[in-house]
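Shared between the two complexes below is chain A, which has chain B as its partner in the first and chain C in the second.
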Partner chain A sequence: MEVFLQTLVAGILKGGLYALIGLGMTLIMGVMGIINLAHGQLMMIAMYVTYVLFHYMGVDPYYALIVSMPSLFVLGMLIQRFLLNPLMKVEAILPENQVLMTVGIGMVLTEVIRFIFSSNYLSAQTSYSSEVRFVGGISISYPLSIAFVVATVLTLALFWFLIKTDLGRSIRAVSQDPEAAELMGINAERIKIITMGLGSALVAAAGTLLLPIYYLYPDIGGPFTRRAFVITILGGLGSTVGAIFGGVTLGLAEAFGSTYIGMEFEEMIGLVIFLLVLLFLPGGFKRLTKV
Partner chain B sequence: MKQYSGAILLLAVMLVFPLAVQDAYYQHLMILVLLWVAIGSGWNLISGYAGQVLFGAAAFFGVGAYTAALLSHKLGISAWWGLPLGAVITFALALPFGWVCFRLRGPYFALATLALNEIFRHIATIWESLTEGMVGILVMQTFVSKVPYYYIALGIAVASVLTVEIVVRSRWGYYFVSIREDQDAAESLGIDTLRYKSVALCLSSCMIGLAGALYTNYMGFIDPRVVFSLHDVSIAAILVGIIGGVGTVSGPAVGAFIMVAVMEIFRSGGFGFLGKLSSATGSPFVATLTKYISEAHVLSFGLLVIFVILYLPNGVVGDWPILKKKLLFWRRQATV
Partner chain C sequence: MLKVEHIEVYYGDLQVLWDVSFEVRQGEIVVLLGANGAGKSTTLKTISSLLSPGPGTITLQGRRLDAVPPDKVIEYGVAHVPEGRRLFSEMTVEENLIVGALKGEAKAKREETMKWVYSLFPRLHERKKQPAGTLSGGEQQMAAIGRGLMSLPKLIMFDEPSLGLAPILVSEIFGIVKTIHEQGVTVLLVEQNVKHTLAMCDRAYILENGRVTMTGTGEEFLNNPQVREAYLGV
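For the complex of A and B:
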């Protein structure tokens, strides 16, 4: 029973971070209609930004959020402005060109980082990295719970932004119907640029929060890209609420899988769930709620 | 016959190539090109013609490669039997996968193939009692010389291109293109889309599986990271198709040549030219430049993906008229 509860807590805490990753992905998916296969790589960049701040300037990784999120916001906007938006006008036989483009972007980001930092494993060991609190016999990782709290705050802020502000409303309008939104006077290209920046900033937050408990190497982006699209498909494409549920589900599935089946199956479980959801519940959790 | 004269000329050149060029290094590069022609043709059939983008060519490539390797490793049979058997086994994998996953469309299908690729890579890594995991499998090479491998690779490449040519000219080819252009319209005209998509996938997977089995025989060593690699096999297969030209018969051949050439120019620093330059001049700047350029070959690959998609979305063959106009501006001047 104790193992079960322990796994449950670990899964939910991890799920909070995954939700943050999934939220960025699903925003991009909703507005652009493409799957961003460079998502994990953007997160990797944010982790390196945080690492540089921590290692060379001694900035605490949590304060580094103030730098990593805006810088990734700008990077995301640049990618959208100069690489993805021009593709909309290119005539091609295959409509999946944009997805492929994100793969190319991901590769370039990984290799540029490998160029600068080499392939070595790095980690940001803080004083609290392995600190643990006990609540009723269950150990709760201190950095992971901080990450969970920050992730929750950011998620709430995102929802406030999407529901209450003009810009947020424009983003939702474009994701519902781009043409109608343009007819209403919304500059869809600008919205796409901003959304890409926002998605990148969210995943940057996830990366920064993950750094104190994780290790870092240039290829770390790949597994997280796969997690991100699993979460997005789980929750239903373009559904923000779904992404939260998807993130927590994946976190739980991975935690239970690695506890009860075996550590080496951790990544495979997500992919198997992904295939099952695609086949039996296309549309993800969004389909169940009809929201 | 006239339309094939170019192809026959090329084939003749390819046939005498290993006799004319004795250097094992260039023979190796040409074998790689031929392997990529087979993989690219396979990708092109399902993705370029039938429009179902395959993000997981490595799943089939790896299964073909592991079939050959396991035959010799576990059963003690020559790995060459992996060529026919690899094709059969990838076929047996593609059929149920297609049947299940072809109800997904567009990017969803692409993601499903990506997941298949990753799942197989994990299986090959985890199931150590069968596949030796990350240790990999060593297979003794049959020939010391590269020439026999060259001709076998040439045979597979030519067979793949011919298959695509024949299929595309047949009734099936028109079914495939109609599915790519508008699946619902094709369905309403009475085309059994699920069936024809499966046909395309099975043919494609056979070509890719054959290439995988040949890879095992030729390289003599495989491990999950190499043959199930997402970047080095799956994405490279897409790149070969896109550089050459999506939905063209000769596209993959052109694309394979360009891709191998570009990768190798970076990896070897301009075929060793920069290395020679740095030792000749003794300049430390050229030496560091050489080192960085050879490290940047994956980067060059990524940049190539971006460049090709932005500026040549239909590939060298597909956009040839535009490309010709841009490249041969001097001809316009000559006529003026």
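For the complex of A and C:
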């Protein structure tokens, strides 16, 4: 029973971070209509930004959020402005070509980082990296709890932004009907640039929060792109609330999988769930709630 | 007020408008009539800059509209209520109205305009917290019109507002179009519903296969045997 509860808590905490990753992907999916297959690689960049700040300047990874999120916001906007938006204007090019472009961007980011930092494993060992707190006999990872709290705050802030501000409403309008949005005076291209920046900043936060508990190497982006993809599909493409459910589900599945089946199956379990959802619930969780 | 001159519009290689010219004067209700595929919606989309007018020009009160990007057209005082309502279906009625007033004066007067829209459509007020996609067809049309009004337009363009509505709702919608016109907004109406529109408009143009084939006042059209035969079936 204790092991079960422990796994449950660990899964939910991790799920909060996964939700953050999925939310970024979902926002981009909604507005651009494409899957951003460089999502995990953007997160990897944020992790290296955090690492550099920690290793060379002694900045605590949590404070590094103040740098990593804005940097990735700008990087995301530049990618959209100069690499993805121009593709949309070329006649007879399918939206799929933008997806291929994101694959290419992901590879370039990975190789640039490999060039600078080599393929060596790095880690940001903070004083609290392996610290645990005990609550009623269950051990809870301290860095993972902090990560969960920050992820929750960011998620709430994102929802507030999307619902209560004109810019947030414009983003939702573009994702629901870009042409009608233009008739309302919304510059859809500008919104796409901002959304890509926002999605990148969200995944940057996840990367920075994960750094104290993860090894870092250039290829770490790939597995996280796959996770983001799984979360987005689980949630029902383009549904923000669904992305949270998707994130928590994946976190739980990975936690229970690695506890009860074996550590080495952690990543595979997510992909198996992904296949099951595609087969039996093709619309994701969104189909269940009808919102 | 609005002058459309010699526009030629293509979808890819396919030409759909041929030398279309017409004008809407201040304070008028002008109707573009025509069958499906005649080019009516295309004409409105071209005015809204969603399509290029080719060698033609479009001016509003002497200012060129055709070189303006689509998201700027609304700032010139033109609102477009598109075919099929095109509401943001997962957003509430109120949010849809807010998105109609994102800029400048319209934004500053948002609350005030919203009250006016709710007074025109009390039913929207009752449903303001409901997602637009859950409204009935007639209510959706009201919401689309309300959203268009939120930008405080000088000219409002309706693309087949009666499409798919029950006859009683059709009369209601046209009644609202008239009310809006009486409150000083110039109206350009695209319709297939000839009987209702000819009676209420100042002037009408008939589009056939992408060309303007006839113009006149509503009354002239109603008395024209050719029109009566082709469009009214009498």
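The rule is short, and it goes like this: the second predicted complex is superposed on the first by the 286 of 291 C-alpha atoms of A that agree within 3 Å, B and C clash if a C-alpha of one lies under 4 Å from a C-alpha of the other, contacts with A are read in each partner's own complex, and residues count from 1 in each chain.
Operating definition for what follows: contacts are C-beta pairs under 8 Å (C-beta built on N, C-alpha and C of every residue); 3 or more make two chains touch, one makes a residue touch a chain.
None of the values given here were measured: they were computed from a predicted structure.
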Worksheet item: In the superposed arrangement, does chain B or chain C reach more residues of chain A?
Response: B
Discussion item. Just checking: does A:169 make contact with chain B only, chain C only, both, or neither of them? Give me first, second, both or neither.
Written reply: second
Practice prompt. Pick one for A:177: touches chain B only (first), chain C only (second), both, or neither.
Written response: second
Worksheet item: When the two structures are overlaid on chain A, which partner does A:250 contact: first (chain B), second (chain C), both, or neither?
Response: neither
Item to complete: Check whether A:96 is in contact with chain B, with chain C, with both or with neither, and answer first, second, both or neither.
Response: first
Discussion item. On the A-aligned overlay, A:104 touches which partner chain: chain B = first, chain C = second, or both, or neither?
Written reply: first
Item to complete: Report for A:187: first if it touches chain B alone, second if chain C alone, otherwise both or neither.
Response: second
Worksheet item: Can you list the residues of chain A that meet both chain B and chain C?
Response: none
Fill in: Touch list for chain B against partner chain A, complex
47-48, 51, 53, 100-101, 103-104, 106-108, 110-112, 114-116, 118-119, 122-123, 125-126, 180, 230-231, 235, 238, 242, 246-247, 292, 295-296, 298-299, 301-306, 309-310, 313-314, 318
Response to the item:
The answer for chain A against chain C in the complex is residues 166, 169-170, 172-173, 176-177, 179-188, 291
Worksheet item: Which bits of chain C are touching chain A when the two form their complex?
Response: 48, 50, 69-75, 79-80, 82, 86-91, 95, 98-100, 102-103, 107, 147, 151
Practice prompt. Would you pull the chain A residues touching chain B in the complex into a rising list?
Written response: 34-35, 83, 86-87, 90-97, 99-101, 103-108, 110-112, 114-115, 222, 226, 229, 233, 264-265, 267-268, 271-272, 274-275, 278-279, 282
